[in-house]
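Letters A, B, C and D name the chains as they come in the text, with residue numbers starting at 1 for each one.
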């Protein structure tokens, strides 16, 4: 992977107030295959119930959306809007950071499809997502 | 609607760091039909790109999850975990507050299904969601 | 609605072996709004368990896909491939014909989104679906 | 795998008019992991457009639903109703039989989640699905 793509991804991840609020950390990517790994450290603002250290589903959904998006950004080198997204919550994420892995299933002329897995510190899958993104170049 | 249900919903909406971060405002509900309306005022932390006042998709996804959940909470009077969720983004939400409306399609023995619409200040639908929630009472 | 659109929809519904196997009947459409109603009469080949007269979920899924597709075909006047589809089964469909109603939520430059409801003879919703379809004109 | 499970799966696959119409062939399963492989040979009734030998999306959706279901049946040894389903079509399936592979992601007290891949004769993925199924024992 060229420094250029890695630098682009890191700068995108730090762009905009909401992405900065999340505080994601780029880990690795394979631009050719459309694979990306991003880390999201736990912080108190993500907590579901008081003093549980359990993640609310909201930041998980937002993180899945972004991981899927960035798998395509890694491949195509430009911003890609989300069309739709399915999220399945598999187990509570408690007292853990999260690692999100995205894998492009298809990068077509107008639509890309990406699978996302979120794992906890013990490597267990806590949630999966599948998103469609608009790959059509801007008019 | 009894004060009890409305008070319960308001207290749940203010519970937990993430829900407080969002800053949702209870508007109305019909507990019998399983309908609820919640408002989410814009704030700078939700912004997608710098100086765009466009909502990032992440807070929209989180808000849809919660609106769907609270439609069932209004009906059943207790917390309900999300099983899965689909979100379709229909148009950018720019320089606007959001109103989320949830309608229970089914409240079964173990699964509830809810439709959610998010509208902007002009009443246009910016995103729709459909979620499944676990209605099985705790063991 | 012009005869032309109605004739086009009827001829499409009878095109191809699988659509003919289903045996759908065009009911009505509003091309401007992107709304369509199609009827699917029960037949023994759709049965789930022996002697139950309960519909298998498979024909319901196929019918939802087609109703969503035809809502956009009514609007755009040409064939539209399915990108993806979500189906929620709400109650068993037993000893009944089905009516499928499709409503276009968005018809964009490259993607259309449609909501579909299937109702039984008593007007009860047995399943709902939401699909994304590729509206990009062929290259 | 005991003959008992394999026999059960084969007998379920041949039960009901719709499943017999499809004509699925059991290939293999790992009951402990919740993995199953089922084959669906092409036949003219599945054709989309006349003389194309391209599969209509309907039988693909129905086949995905059933493969996901049977991955859980293999694990739990009893019938399991579908709650909901997402299907993404990745490429046309033309002039080919299909192989469906299901993998259980979660088999909980009331909900199971399964991933399904459909591949063509060249091993290319033509469609993917993710379904939720009701694992709650009958009342």
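Quick notes
Keep in mind that, in the parts below, a contact is a pair of C-beta atoms (placed from the backbone, for glycine too) under 8 Å apart; a residue touches a chain by one contact, two chains touch by 3 or more.
The model shown is predicted, which means the values in this text are computed figures rather than measured ones.
Of all residue numbers used at the contact between chain A and chain D, over half are used by both chains, marking a mostly same-residue interface.
Counting C-beta pairs in contact across A-B and across A-C shows that the higher total falls to A-B.
Chain A and chain C have Cα centroids lying 33 Å from one another. Annotation: 29 Å between the Cα-based centres of chain A and chain D. Once the centre of each chain is set as its mean CA position, chain A and chain B turn out to be 22 Å apart. Annotation for chain D: residues 83-84, 86, 88, 113, 132 touch two or more other chains.
Touching chain C in their complex are the following residues of chain B: 86, 88, 90-91, 105-106, 113, 115, 125, 128, 130, 132. Remark: chain A residues 83-84, 86, 109-111, 113, 132, 134, 136, 139 touch chain C in the complex. By the touch criterion stated above, chain C contacts chain D in their complex at residues 15-19, 21-22, 44-50, 56-59, 61-63, 65-66, 81-89.
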